[in-house]
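Each of the next two complexes has chain A plus one other chain: chain B in the first, chain C in the second.
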Partner chain A sequence: MRPDSKPEGIRQSMSWLHTWTGIVPGWLLYAVFFTGTLSYFLDEVNLWMKPELHASVPAADAARIAAVALAGMGKLAPDANSWTLELPNERQTTVSATWRDRNAPAGRAGTKRAELDAATGEKIDTRETRGGSFLYRFHFELHAMDRTTGRWIVGIATMFMFVAIISGVITHKKIFAEFFTFRPKKGQRSWLDAHNATAVLALPFHIMITFSGLLLLMATLMPWGADAAYDGNAQAYNMERRGMAPGGQGQGQGQGEQRNAGGREGREGGREGRGGRSRDGGGEAVDLAAAIGPMLAQARTEWKNGGSNHEVGRITVNRPNKPGATVELRAHGSDSLTTRGASARLVFDAATGKIKERPPLPTPSAASAFGNVFASAHMGRFAGPTVRWLLFLSGVVGTAMVATGLVLWVVKRAPERRKLGRTPFGHRLVEVTNTGVITGLALATGAYFWLNRLLPVELAERAAWEINGFFLAWLAALVHAALRPARAAWLEQCIAVAVMFVLLPVLNPLTGGHGLDRSIALGQAGIVGFDFAMLAIAALFGWIARHLIRKDRPLAKAAPGAAPAELTEVTP
Partner chain B sequence: MNALIVFALSYAAMAAVSLSMERHQQQVAGRPFAGMALRLGGWVLLAVSLAPAIAAWGTSVGILAWLGFLTFAALATGLQMTYAPRPVRWTAPTVALLGAMAWMLA
Partner chain C sequence: MSKKTSLPAAYRWLVASRSVAAIFGGYLLAAAWAACMSLWLQKTGMARVDAVTTATMSSFVVHLCAAIWVFAAGTTQRAWIGIVLPAALLAAGTWLAGAGAGGAA
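Take a look at the complex of A and B:
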């Protein structure tokens, strides 16, 4: 690739590889990183986007919350086969209930869900929104296309990313010698330093997130192995991978399976334990609301004796209001990544309140454990606040790495541009797309949050319109970037993003949510966290805007976008 | 608390490693000096900071958290070397001491 056709060294060829595996999927990777990073706070985004849920303020006493919620379920779904209640925690204000009616179709379609007010057990009706799930889904399967296609596109970009990381390390072998070095205000040098710093300092995170991303998409990208071994029966493969027997017995982790197994036990228990009492004789329906308190206390003691301070996170009742009902309590959080966040469980006999079963934690095979560590680390499910924030901030660093790399591509070519005396179309294209993607995506996300509050609640296809708004705003940002000079486009979009995000905590209480004063007073960490994150984003973009304004003054006469050129050692 | 301990120790460790490099020695002391002891000490302290992380979060989560803290400890050291290199002579030992004391008391 050298113009003088001399043979290339390994570092030059790696530099070429790094540049092109970086820039081609770079915009997509930026979008994947950006939305993926936000997804570490999926629950918080969901909570913010359903302001109706802010009104639910859980009592301090878990037993009281559980009792109220179970009473609420008794009214809401008295004939259901099973109820599952997720108790409120630091990320959630309500009790999330799911249940399956007696003749419900199998799988997800048969599951009904509702959010219950933690203080009253009443169902809360929320606006129709995809919430944070849209951002989460977008980050690995895009939108408005077939799921598999989307995953393929993201998967290919992820492979490029993997190549870019490895070729980057080889190209910039000096990065380890310059580990702690940042030279500000030196144009290209600074951009390169920033790109290196964000890449190298978070290298363990980058390798983990890319590699695990590929693992998570493995079933889509390389289904052939499993297809061949399981005759195309993906379900059987998945169940065996999770350490479950296909019949649904065993240490099931899949919810559907678990319920089946529970239901079967329940029926048998009903026949034997009740000593032949006729089933339609009404059986004595157990007063679950009264029985749950002691069960919660027992579970806490049992787990404490086992050495972990877990609270109960989920309550599953099988055959509620019927003889032989069982209550399964599951701990909130787990202590290991190898089990993919499986947490301790206890099964109680509802009638006696005694522990019936202590299902052991699954012991995954070495291969599963390996995959689980990466999957859990990638998704941060079950991660406590500290680890979650670490993952989120690492995601921010990763997003910045992609962004600085994209900008570097343009900055590096500024001398060439000046020499030519004009801007080649390709350079301009990258420049425009950079702005339209880097700040444009932030604008689109801001628009998504604003529309969530401004669209009328009764609008038909409301959730779809929020998403349409997201893409329209993104398109508008691209068009704006194409129409304006590069620096002006950056500046204007940064200001727009800063204004949009700084006003979100103000918009929140005006449109039905709990403002910072109330959410702080009530200790609603999820809402407080979201508002502060929005202020942080506003501050970041405000800071960039200020930087651009300051730089404009001394450089007003220089060519726009042209930083002082300093050739680096890596330029071939 | 655990988070602060791990961060304090790994920041001090990263500062020590950075001071074993000539560029940063120039920034801090104005002249190069023998830095092998700092380099070794820094690496040892990095390894040591894994212990409170594992104690706090268990092996698998602990290693993940530790790697995360290393990133931000290195970032803090890098920013310090850029904008305020000289005070590292007292910030790093002080932070290391505070971290160690907090660990002992915990």
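Take a look at the complex of A and C:
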């Protein structure tokens, strides 16, 4: 796209396209990447933000945990129609219980939840917080707006990103050679190298995460295929599709065209009906706490023989304390990405302890398997700790790629500024927004974590105030960036971020959580993981700050009292 | 990309035209692809739900290619033709398949 309309090569036009599809949604993409990357540790963030849960230390013996939890449920919700217990794992210290009371309204509203102490089965009361779910939701539907609007905005930005990535690849024909070229301390050249290196280093990840992001939003963004094939009833398509994705809710094999209800809602409605009918039936209640141990042992043997080696992750009791009760055990984790995290299940008769059903794992069609692989990879679903950390680090690299791209836009225009002898308003606007978003969002996230521990537990609308604090801190960072010279703004905010995050593992034990010494000693990997992720972020921003300070010294010597609008301004 | 700060108005219009072609034209093309392929893949014997999933997933790649085409094309005219022509063909294909399926349904 040359202004003089002269013909140009494909690489020039792609370079133009890359710049503008990257810069226009750039800040939003940075926010999406940043909060999305943190969401790889969603469970860990949730756990950290409810320090009351740190005190729950599960025993090594799953049977004992299950027995205690089931006894606890007997006291907590004796008349429920169903209980579901998520057993503790490497990311979770407690037993997460959900249950549905008789006559509970359909859907999510009818589901009650509680966290149980893994050692005692007692309910743990936690502070009111949205936890990591706020950051997770923000990364694909933003905040304080209609859910569909938020998804459209993020979806459009993602489509821009998709174009930016592919046009970027076309632009840099020597992309892999350039990956090994880093020329530090060369101003613009170094920024370009850094941008290229972060882009190429994780290129498969960038393409996967962007394309799968579009796929995850496709019901909102691209309903026209379903609309055409289902005569305007796109809902029917979504249900049929979910019915085939057994991660949804189990029935798996229902590949028939006429499956009426999607997943959970339909099934639990049915459960409720049955529970209601037999309420008055006689018979003896089963001592589940005693019966669960042998069932767990059976499941373990069965799954080991099946070639996989999974522990039980979830226990669902249907019609507890009533005749005809069943216990469903579900393996923790899945062997396959193509099934969207479906895992092996066994259904027991609670009274006899015998296996009643071995629901087979569904086999998805090629099309849904393809989509499921992308969805599972995007969400790190059932990824082990190593894969999770790799995804997190790829996310960090992706965030850095967006950030270096944004900075590069400003750095590239430095010569133009010098020639003009002033900073055009547009340049300054981008420069200020860059700081206010790149370091400002990190500051806001830090403030969110700090407020989680500093706001009084009994504060009204507590969860909302944590989120308000997030946005107020972000706004403050933007204002600060606008008031200070660019380089000073970068440096001050980087130092603030580094200090905020490096102190989080210290704040944790002072405000009710388990510090690193205890969480390591007790093997609470979730808490340890959060602390290390925070230290990693602190180190990254500290490194940038150190870089900025070092670069300052020779420049200050060389040009004392240099005009603040010089090149030094724009190269952080 | 230019050393001057102000660009000629004609150039701005050209960029605007291609942006509209890439963003809105590209989306319409992708939507037409999703609708058309959803119907035609069924006719090849693919299950309805899979036909829709395949067509919808690939439609994002169609939008991507459309955007790249628009900015790679030599002239703005060619850029637009490359969007409108296939979109019209796909729309016609959707109509044809829809008319057939409508009769059956």
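We adopt the following convention: the second predicted complex is superposed on the first by the 501 of 572 C-alpha atoms of A that agree within 3 Å, B and C clash if a C-alpha of one lies under 4 Å from a C-alpha of the other, contacts with A are read in each partner's own complex, and residues count from 1 in each chain.
Going forward, a contact is a pair of C-beta atoms (placed from the backbone, for glycine too) under 8 Å apart; a residue touches a chain by one contact, two chains touch by 3 or more.
Values in this document were obtained by computation on a predicted structure and should not be read as measured data.
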Review point. Which partner does A:205 reach: the first (chain B), the second (chain C), both, or neither?
Key: first
Check your understanding: With both structures placed on chain A, which of the two partners, chain B or chain C, ends up touching more residues of chain A?
Key -> C
Practice item. Give one of first, second, both or neither to describe whether A:166 is in contact with chain B, with chain C, with both, or with none. Key: second
**Study point:** Partner chain in contact with A:397 - chain B first, chain C second, else both or neither
**Key:** first
Review point. Can A:421 be said to touch chain B (first), chain C (second), both, or neither?
Key: neither
Review point. Touch check for A:17: first (chain B), second (chain C), both, or neither?
Key: second
Check your understanding: Does the superposition put A:360 against chain B (first), chain C (second), both, or neither?
Key -> neither
Study note, to complete from the structure: chain C partner, complex, touching residues on chain A are 1-3, 5, 7, 10, 13-14, 16-17, 19, 21, 159, 162-163, 166-167, 170, 211, 214-215, 218, 222, 224-231, 237, 240-241, 244, 255, 257, 365-368, 370-371, 416, 420, 424
Check your understanding: In the complex of these two chains, what residues of chain C are touching chain A?
Key -> 1-5, 7-8, 11, 14-15, 18, 22, 30-32, 34-39, 42, 46-57, 59-60, 63-64, 67-68, 71-72, 74, 94, 98, 101-102, 105
Practice item. Mind listing the chain A positions that touch chain B in their complex? Key: 177-184, 197, 201-202, 204-205, 208, 335-338, 373, 376-377, 383-384, 386-387, 390-391, 393-394, 397
Check your understanding: In their shared complex, at which residues does chain B touch chain A?
Key -> 2-3, 14, 17-18, 21, 23-24, 57-61, 64-65, 67-72, 74-75, 77-79, 81-82
